[in-house]
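Per-chain numbering from 1; labels A, B, C and D assigned in written order.
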Amino acid sequence: MRKPKKILNDPRRAVPEMLEGLVLANDGLIRQLDALGALVRNDIPEGKVALLIGGGAGHEPIFSGLIGMNLADGAACGEVFAAPPPETIRAAAKAVHRGKGVVFLYGNYAGDNMNFDIAAELLAEEGIETRTIRVRDDVAAAPPERMDDRRGIAGDLFAIKIAGGAAAELADIAEVERVARKAEANMRSMGVAVSPGSLPETGLPTFELGDDEIEVGMGAHGEAGVKRQKLVPADAITDQMVAPILRDLPFVRGDEVALLINNLGASTMMEMLIVNRRVRQLLDQEGISVYRTYVGAWLTSQEMAGFSITLMRLDAELKHYLDLPSFSFGFTSQ
Amino acid sequence: MRKPKKILNDPRRAVPEMLEGLVLANDGLIRQLDALGALVRNDIPEGKVALLIGGGAGHEPIFSGLIGMNLADGAACGEVFAAPPPETIRAAAKAVHRGKGVVFLYGNYAGDNMNFDIAAELLAEEGIETRTIRVRDDVAAAPPERMDDRRGIAGDLFAIKIAGGAAAELADIAEVERVARKAEANMRSMGVAVSPGSLPETGLPTFELGDDEIEVGMGAHGEAGVKRQKLVPADAITDQMVAPILRDLPFVRGDEVALLINNLGASTMMEMLIVNRRVRQLLDQEGISVYRTYVGAWLTSQEMAGFSITLMRLDAELKHYLDLPSFSFGFTSQ
Amino acid sequence: MDGTGVKAMMAAVARAVIANVDQLSEADRATGDGDHGVGMRRGFEAVLEALEGLDAATPEQVMKAAGSAIMARGGGASGAIFGTLFRGGAKALEGRDRLDGDGFAAFLSAAVEAVKKRGGAAEGQKTMIDALAPAARASAVHASFAEAIAKAAEAAEQGVEATRNMIAATGKARSLGERSLGHIDPGALSVSIILNAMRDCAAKT
Amino acid sequence: MDGTGVKAMMAAVARAVIANVDQLSEADRATGDGDHGVGMRRGFEAVLEALEGLDAATPEQVMKAAGSAIMARGGGASGAIFGTLFRGGAKALEGRDRLDGDGFAAFLSAAVEAVKKRGGAAEGQKTMIDALAPAARASAVHASFAEAIAKAAEAAEQGVEATRNMIAATGKARSLGERSLGHIDPGALSVSIILNAMRDCAAKT
């Protein structure tokens, strides 16, 4: 097994050094608290409902890179693939709070759930109201009747985009929660892995795949997928991924959707666009129209090669928040 | 040598399929001409000086993904790592022309130079005025006294951003040319390769590197760099790259710059940010301040791992065009 | 064992966990994301720091300080779970100036309850609970401190082996389903390493 | 050789280039970006298409059609260079209804001039010119068509070998500097493949 090659200093300092570089790359828009993994916007208006996102590092630019206009007010970042500790979350929440409560938005993983819940309990004791939205978009992780067993993957981007807009425009935390839940409930994703990413600290890939193998449905930390198989053409893989997505919600003729093709890290934009071509052929056949398309690397898994496809069904309200211009280090839209 | 694994259909159809997917991903903003590699914006105003960019495919999102508001009006795309033929360039130029001439902007490579020059000759016969700007930002390619032997790498992004803004605001092609040349003259870049990218058609990596080797100064098509060496810590590599950049222009105390750390494909954002941290330490020492930072994968070399650092010295005029909001599939800024 | 003894014991536990970082990460590579060892190392390095700043403490204070350190610095599922283990267990030691066999049994059963409450998992779901719960039961024998720990450690080792035949129902291993069979649960292995280190300390005293 | 013969000859040339796609790309991997073969294949597949649509043509028309096809579809440096070779060479055939030894020599020297003008490179810079220019000189012997081509092909092969000892001064290989020594230039190899295919055709007639 070849040791992955990375441009690092001390691997155990990778996350703190990364966060330092990230704050600098934000050109003065965000700052870092004493609890190192806690990053917050410098210009949060009084009386704003706060949006706090977070999770393990290693998925950059999500989560730490999505703090900004009409996006998150802060992020609580853990070590690579490890949820942030309660104290980091609590510190970030207190720093972004402007009297209207804090919406927690993160991917649905045992570690994140427990640490954010503990933080919520501590904040409740201090009289700070929190609401929790867990993104559960990965249809490969569990059947529909077990939604709470589903992982949060690239759908995080749509959830942050919509919740960020809602938190910027709506005065009531219950309203922000409602809009964010609507987005979360209307998105479905499915991923495929082509080659593994590796952990800086161990220097080891999180899984192994044969030179001619792919794993359909694999998660963003290398969690097992639904099928390990031989590499097949792009169109065939896309067909395998789109079918379960459409079936699950289900998406039906006449639906208007936002489409996200998320690069897990080392795949090429050329591959992503060839996949997009096929996705559009399939959606055309089903009579589903695409309102906006996003192709890029927003939720990565270190240098993992592979990608995921996400569809979010839109209504007028979700379109409104999708169309709001947004600005951050890792995601900017017009 | 392990065969690279990619999500493709027929490798010989990779570029046309990619372009089809790209046009769809632009959600109606651009169209494709009969000369397949010619992409143009649908909403170019009358009387606008046109900006046409282009080059070989395989570097996505540059060039084909940078057509849009305050960016390029069109792009002429060739096959992977191959300059577009004159006819593709000519067709794109005619489609973007609005009576005020067409500015050609592309990286300085023998193939691009010859094909764009031939197209310019053909267009001149048809009475269409063109101006040519060749980006030559790679300090590793040749000494300052041989600027015309320097390759165009990630600096393309800054050149397109500035020229795009100038072409949107200035009425006279000579003025657009002046601003674009100023940007080009004030930028310097240097790259490093960690592992190779591969050509879809041959399925072969464009070069080979030992498991513990990197090549400093390598070009975006795997052209030889200045030094092949053992992998060293991120800070040491960054020091090696920043010194020749600063020395070359030279950048001096008091300069204000735009900073771009461009991922060549398969490197992680975590690595790029750790590099950014060190770049800022070095610039602080030199008394050079950073006006805006861009970290991402804009000029890629298929799945090549590695990155480049680009600095562009700014004055009030360049800041103005850098700050203009811009929107395209592959690059959006606020 | 008095507070000073418990403090020394917890330091030995921390060193044992840190020494096994690679084995724990490797176990997590098979079923999860490969970071359990590095996460436990972060947590128990914080324990060592916390213990240094702690003098003349009761058993409860030592365990609570350890749990709080893990909770604050471990991160991931294991940070919350193992932080909860020691913080939850500590509550059962309230008012005891010495840790004896019964006290230790009380500590473990309180720890089990706290972990179940926090993570919502039950026995048989291939988690650290499958080492911790049997250990708690085995220690409830009204025996000496050393005997109680020895029984707990032995039960935990069997519990780790038992996780081989369980299908993961929580955490990152869940999606493996059937394919998780044959692999041990990394968190269960951590519980066993912790209890073995305690046993060796108690034996020495 | 009349226009029909030249057309058949160019078809044979195209097939020869296409057959060597891997060898040409491999040569470019050593010094450039590894795509010379696939670029030449694109160009000469277009040549085959163009020739089909061409009947009763003069030698000039055949060569011009071939050059235009390469120019339109080859792309990269080689598309411009080899397109220019055939289009530039064709001009020297104006008014000739047959291709003889002198005509062929005129074709090659016109081609060399056109390529130099287009790319700005000179002999000795490790490009296809280092095969084409010696071939042009060798063919200027006022001999039969077959002899002229044979001499040109022989000179081109020597030219290819000579590029081994040259330091690249243009194109993607330039940055290799000294390290380009020992490698042949892929474009020069293409010239040799083209001329050898012509020689074999001429020999048959």
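One rule holds for everything that comes next: a contact is a pair of C-beta atoms (placed from the backbone, for glycine too) under 8 Å apart; a residue touches a chain by one contact, two chains touch by 3 or more.
These numbers come from a predicted model, not from an experiment.
J.: Quickly list, by label, the chains bordering both subunit A and subunit B.
T.: Expected: no chain.
J.: Leaving out subunit A but moving nothing else, do the remaining chains stay as one piece, and if not, how do they split?
T.: Once subunit A is set aside, the chains that still touch form these groups: B, D | C.
J.: For subunit A, which other chain has the most distant CA centre?
T.: Result for max centroid distance from subunit A is chain D.
J.: Nearest whole angstrom, what separates the Cα centre of subunit B from the Cα centre of subunit D?
T.: Using C-alpha averages as centres, the distance is 32 Å.
J.: Using the average of all C-alpha atoms in each chain as its centre, how far is it in Å between subunit B and subunit C?
T.: That gives a centre separation of 54 Å.
J.: Using mean CA coordinates as chain centres, what's the gap between subunit C and subunit D in Å?
T.: 75
J.: Mark out which residues of subunit B touch at least two other chains, giving numbers and ranges.
T.: 80
J.: If you connect every pair of chains that touch, what shape comes out? Choose line, ring, star, complete or other.
T.: Line.
J.: Tell me, which pairs of chains are in touch?
T.: Contact pairs between chains: A-B, A-C, B-D.
J.: Residue numbers of subunit D touching subunit B in their complex, please.
T.: Result: residues 22, 25, 29, 32-35, 37-39, 42, 71-81, 118-119, 170-177, 179 of subunit D touch subunit B.
J.: What does subunit B use to touch subunit A in their complex?
T.: 2-3, 5-9, 14-15, 17-22, 24-27, 57-58, 60-61, 65, 69, 80, 192, 194-195, 197, 200, 211-212, 214, 231, 233-235, 237, 265-278, 280, 290-293, 295, 297, 300, 302-303, 305, 307, 325, 327, 329-330, 332-334
J.: Quick one: which bits of subunit B touch subunit D in the complex? Just the residue numbers, please.
T.: My answer: residues 56, 78-87, 109-111, 114-115, 117-118, 140-142, 149, 151, 199, 201-202, 204, 206-207, 219, 221-225.
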